[in-house]
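So, here come the structures, one by one.
Two complexes follow with chain A in common, the first pairing it with chain B and the second with chain C.
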Partner chain A sequence: MSRNAVPFAVVAAALCAVPFAAPGYKTSLATEMLIFAALAMSIDVLAGYAGRTSLGHGAIFGIATYVVLYTVTVAGGHPWMGALLGLCAATVAAVVFALLAIRTSGVYFLLITLALGMIVWGICLRWTSVTGGENGLRGSVRPSLLAGPVPFYYFVLAATALMSYAMWRFVHSPFGLTLRGIRGSESRMRTLGYDVSLHLFIGFVVSGFFAGAAGVLYAFFNSFASPATVALAQSVAALLMVLVGGVGTLVGSFVGSVAIISLENFVSFHTERWPMVLGLVFIATMIFAPEGLVGRARLMLARYSPQVRKP
Partner chain B sequence: MLAFNALNGVTFAALLFVVASGFTLIFGLMRIVNLAHGALYLVGGYIGLTVATKTGSFLAGAATAAVAIAMVGFLIDTSLLRFVKGYELRQVLLALGVALVLNDLALIVWGGDTFTVPVPGALQGPLRLGAIAYPRYRLFVLAVAVVLFAGLWFLLHRTRLGALIRAGVDDLEMVDAMGVDIKRVFIYTFMLGSALAGLGGTLGGAFLSLYPSADVEILVFSLAVVIIGGRGSLVGAGVGSLLVGMLATFGQVWFPELAYFVIFGPMAVLLAFRPLGLFGRAT
Partner chain C sequence: MHRRSFLKTTGLFALSSWARRASAADAGPIRIGLLSPLTGVIAAGGRELVDGFNLYWDQVGHKAGGREIEVVVEDDASNPNTALQKARRLVEQREVHMLVGDILANTGLAVAEYVKGNGVPYFIPVIAADDLTQRKRIPNVIRIAGYSASQSTRPLADYALKKGIRKVITVSQDYTFGHEQCGGFCQVFTEGGGSVLQQVWHPLNTPDFSPYLPQIQSLRPDAVFAMETGADGSRFIQQWANFGLKDKIQLFTSMNATDQSIIRTLGPEAEGVISAGHFCEGRDDAANKKFVADYEKAFAKLPSIYAFSHYSGAMWLAEAFKASGGKVEDRPRFLEAVRKVKLSASPLGREVSLDKYGNPIYDMYIRKVARRADGKLWNVPVEVYPGVSQFWKYDPEQYMKQPSYSREFQGIKKA
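Up next, the complex of A and B:
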């Protein structure tokens, strides 16, 4: 770890300096990047370490956002109460998703999580009396302590750092090793006496919990939830961040989030063709850099310095 | 009213079958979950709309759409998918990218308005069936689906290409080892599946209408059909279409707020017990 201490300190210092170096709108953009990095990272926990690529995490994320907004604006609860309920709701959703999805793998897993996400989207769109339908829910839900953009940035930074550390510990724990074992060979793990379904279930729920935590932050950030928050596009964008950064690296999620949100911001400023650019980035990533930016960098590093230990 | 809704369910299922049969063919043989299938449906519908409006012939519209989308499918398969051959997940995600691009292109060309493909006079208006009057056009779609089912069944079970496709679904490497040019079979299958999406777009464009998010909606229904029916199975696609069509129609009538749940709830339960679908086989 000491080998990485210097770059780690530099990145940490840079992140802390954002509100001074780039005040105003850019700080809010950086806040958004951190939130989506957390969501992408939660997908990477499953995709990179358990070999299960999910297109349903956007929905879990969005459920937390909806619950926070509903608790505060409709039910009149306290924001922290909303945050707690949002986390619980997302975890419950993750339990339901997991129970149905863990029996499958590969593309089938992708399809069932996609379909489950679409159910959530359909309910948010149609159950107008609770979700507000197409209009969604709007209202100031940020705790008064974090009202300003700068305190809020530091709050999100701290929360994201904590979540990243937790996820990093999770995938590098003995339990995380069993997930990697399942990714490598399910039947071998079963033969060794591991309860594969149970491990996948726990992995999914933990990953969903972090997606929900990101959703709570997003509710504080955006103060608005609509069917677009839980739509497939949300899951797709988050998954693309994982892919661009590099699957199975965790750090890649930050790289991907910064890359995609910067690009979105840049493209949207000049043209309305963001969906097309997003599609082209998807195609180009799959063809030219399926291992992602961080994965590619590691490969090159490994080629030029053979003594680097395998990640 | 019940009979009317049942007919609505069956005719919707007929449209779903046209679209999902193409999806399941590609999925079954090539192991590609073509998430661009919905976008192909939408673009096919728009092409059918333009040609049918310009020439005044619905048939010309449907035929042009099928041929044009088959060509688009050919381009996608030969120019993009070949780079990720053998990587299931990359293929899916690449197809997802293609879907985004196609959808946005359609938005540029045809805009965000809702269109309905014009149908010939002979298919307009209601047909009296005993006590109820039912739109002729939807019955026509049902007839098309029945003919298509028979045609595809004949193709798959009575022709050499069909035998190769079925053999490919069962054991791809073995077919390859027998000296069959499976790549060519792949390309034909992808084009056929795409053509069905284009045809479905024109058919569906006349009664569901075309708008920018129609692609995701039909894609999700097709996914449900294939997940329920099992990949690569024609009978599975038929049964799956009927189930999904009925659930969607009656769900809409009985529980309008939870319509989506009514379709996907049973699907999720089924998947928990038969992960490969009703007619799917492990490979």
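Up next, the complex of A and C:
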């Protein structure tokens, strides 16, 4: 731990300094990066530790966003009330998703979570009286305490730090080790007497809860929800962040989120063909660093300083 | 004495340098943030939007109201979340003085919500959602050179009644723009004594209309009103002809369905389709002809509604820059200037101005798709409805008491 203390302190200080070093638009960009890092991390909990890659987390995330906006702008509730309901709704959705999805693994898990996400998208698109259909829901939902961009940044930073710590604890707990065991060999874990389905169920719901928390932050950030918020593209974007950063590292989600969002912003500044550039970057990552940026960096470190990693 | 003159000169010097700095800031370029879907489902339209907007500024040498004009283009990716992010970036990082653009209603509404909070002027030559200039209007969101969704279909309904049509079926994409266009049509049509036999709502991007067309035929309407945009528009017109309905039932469409972006890829099946709109590329008018010729020369195709609206929108802004002496930093004054613009000699037709809700009052043309001398399809006017506002002949305050058009509420008068 002491080995990690210095870089950790540096990163923490850098994150705290963002509103001063990069005020204005860049702070809001940093806020967005943190929110998407939290979403990506929630996917990594499943993908990296339980070996279940979900394409439905964007929908769970979006459900929380929708519920916050609906509670505040349509029902006239308090933002914190909306946040609470958003979290509940996302958790309930995660429970439903989990019950249907944990029976499968591999590509089937991918497909069933994709299908569930598409159902949510379809509902948001067609249930016009509640979701506003194609036009979505709009309105200022941020609590007045956090109205300014700087307090809001610190709020998101604190929330994301808390969530990251919770997720880190979760995957490094005995429970998390069991998930890793399941990733390694489901049948062996079953033989050893573990209730695999229950573990996967809890893992999925916890991960969905964090996706929902990210969705609540996103509602505060964006003040807007539309079918695009729950669309497949959202899930895929977050999954790509995990892949670029490194699956099964948690930290990788931050790296991926920062890399993709800044790339998106930087490249679109220069060319309207930015989706193509992003695509090329993904392909390059898959060819040259299939273990993701963080995974690659760890491998390199291990190679050049073998004495650190002695068993 | 010395001391006093010293104070005087230094004071004057300080004052003059301050004044110089102030005027230097004023003389910097006016930065316009243009949001356009350059990627995503409506990317082709997005390209034309940018072309149309820039065409005007190129023609006037990127100058208006004594200042340089700088257009900063951002791609909204046809996605409201991206649109919002890009709007933030244009305002907060590029420090644009105003935002213009977007095509899809959801992207426009997202940006409108953002500018509601910070007062940045936002101009929407294409975003047609009725309530942006009606029940939920935002003072700094102004529809220069644009139209509200139900505005253009009301004259069309009136025209249909005059032609002796009494029974219609509406076919429409199932989203707000469709609900509002059909609502405007149905309300005027039924209040004038017509009846709506059925309303078909289909999802966006319907590849096949064959489930609907025989059903429509069996109900024997006098006419069909089809509200289609994008690829649905060309597919509907093609399949309408393939099913042999073309010469049996009169087809009316939204102005988007016979827009250049669609009919330039169609053949004889599109000829004779009637629509209503404020733009009519085949209209015989000097300003209009010049715009169409310039655009065709620059981009080798006839202009679509997106190019036209943003070209006219740019003209509108230029007028407002002139009227406000280029002082766009003074937002209330600048917005007032935009509202007061009376635009003449534009491709929009005769003098155009805004109503007090921020929506233009236009001459609306009933248009028919016909062949130009060189064989290209274009829309020519068959009748004109002068001075049509977004409220048609209704009293605005009274009108806004009725609910917004939706699938459930179409303003249909019970016989």
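Throughout what follows, the second predicted complex is superposed on the first by the 306 of 311 C-alpha atoms of A that agree within 3 Å, B and C clash if a C-alpha of one lies under 4 Å from a C-alpha of the other, contacts with A are read in each partner's own complex, and residues count from 1 in each chain.
The criterion applied here is as follows: a residue touches a chain if its C-beta (ideal position, glycine included) is under 8 Å from a C-beta of that chain, and two chains touch if they have at least 3 such contacts.
Source: prediction; values computed, not measured.
Asker: Looking at A:R190 after the superposition, I want to know if it touches chain B, chain C, both of them or none. Which is it: first, second, both, neither?
Answerer: Neither: A:R190 stays clear of chain B and chain C.
Asker: Now for A:R169: first (chain B), second (chain C), both, or neither, which partner does it touch?
Answerer: After superposition on chain A, A:R169 lies in contact with neither partner.
Asker: Quick check for you: in the superposed arrangement, does A:T128 touch first (chain B), second (chain C), both or neither?
Answerer: both
Asker: Which holds for A:L116: it touches chain B only (first), chain C only (second), both, or neither?
Answerer: The first partner, chain B, only.
Asker: Once chain A of both complexes is superposed, is A:M286 in touch with chain B (first), chain C (second), both, or neither?
Answerer: First partner only, chain B.
Asker: What is the contact status of A:H78 with respect to chain B (first) and chain C (second): first, second, both, or neither?
Answerer: neither
Asker: Between chain B (first) and chain C (second), which, if any, makes contact with A:G24: first, second, both or neither?
Answerer: Second partner only, chain C.
Asker: When both complexes are superposed, which of chain B and chain C contacts more residues belonging to chain A?
Answerer: Touching more of chain A: B.
Asker: Once the two structures are superposed, pull the chain A residues common to the chain B and chain C interfaces.
Answerer: Correct list for chain A: 126, 128-129, 275.
Asker: Using the touch definition from the top, list the residues of chain A that touch chain B in their complex.
Answerer: Spelled out, the residues of chain A in touch with chain B are 53, 99-100, 103-104, 106-108, 110-112, 114-116, 118-119, 121-123, 126-129, 232, 236, 239, 243, 273, 275-276, 278-283, 286-287, 290.
Asker: For the complex, which residues does chain A have touching chain C?
Answerer: Its residues touching chain C are 24-26, 28-29, 32, 126, 128-129, 133-136, 138-140, 222-224, 226, 228-229, 233, 265, 268, 272, 274-275.
Asker: Could you pull out which chain C residues touch chain A in their complex?
Answerer: Within the complex, chain C touches chain A at residues 38-39, 73-75, 77, 79-81, 84-86, 88-89, 92-93, 105-106, 109-110, 113-114, 117, 129, 174-176, 204, 406-408.
Asker: Hey, which residues of chain B end up touching chain A in the complex?
Answerer: Result: residues 31, 33, 80, 83-84, 87-90, 92-94, 96-105, 107-108, 216, 220, 223-224, 227, 256-261, 264-265, 267-268, 271-272, 275 of chain B touch chain A.
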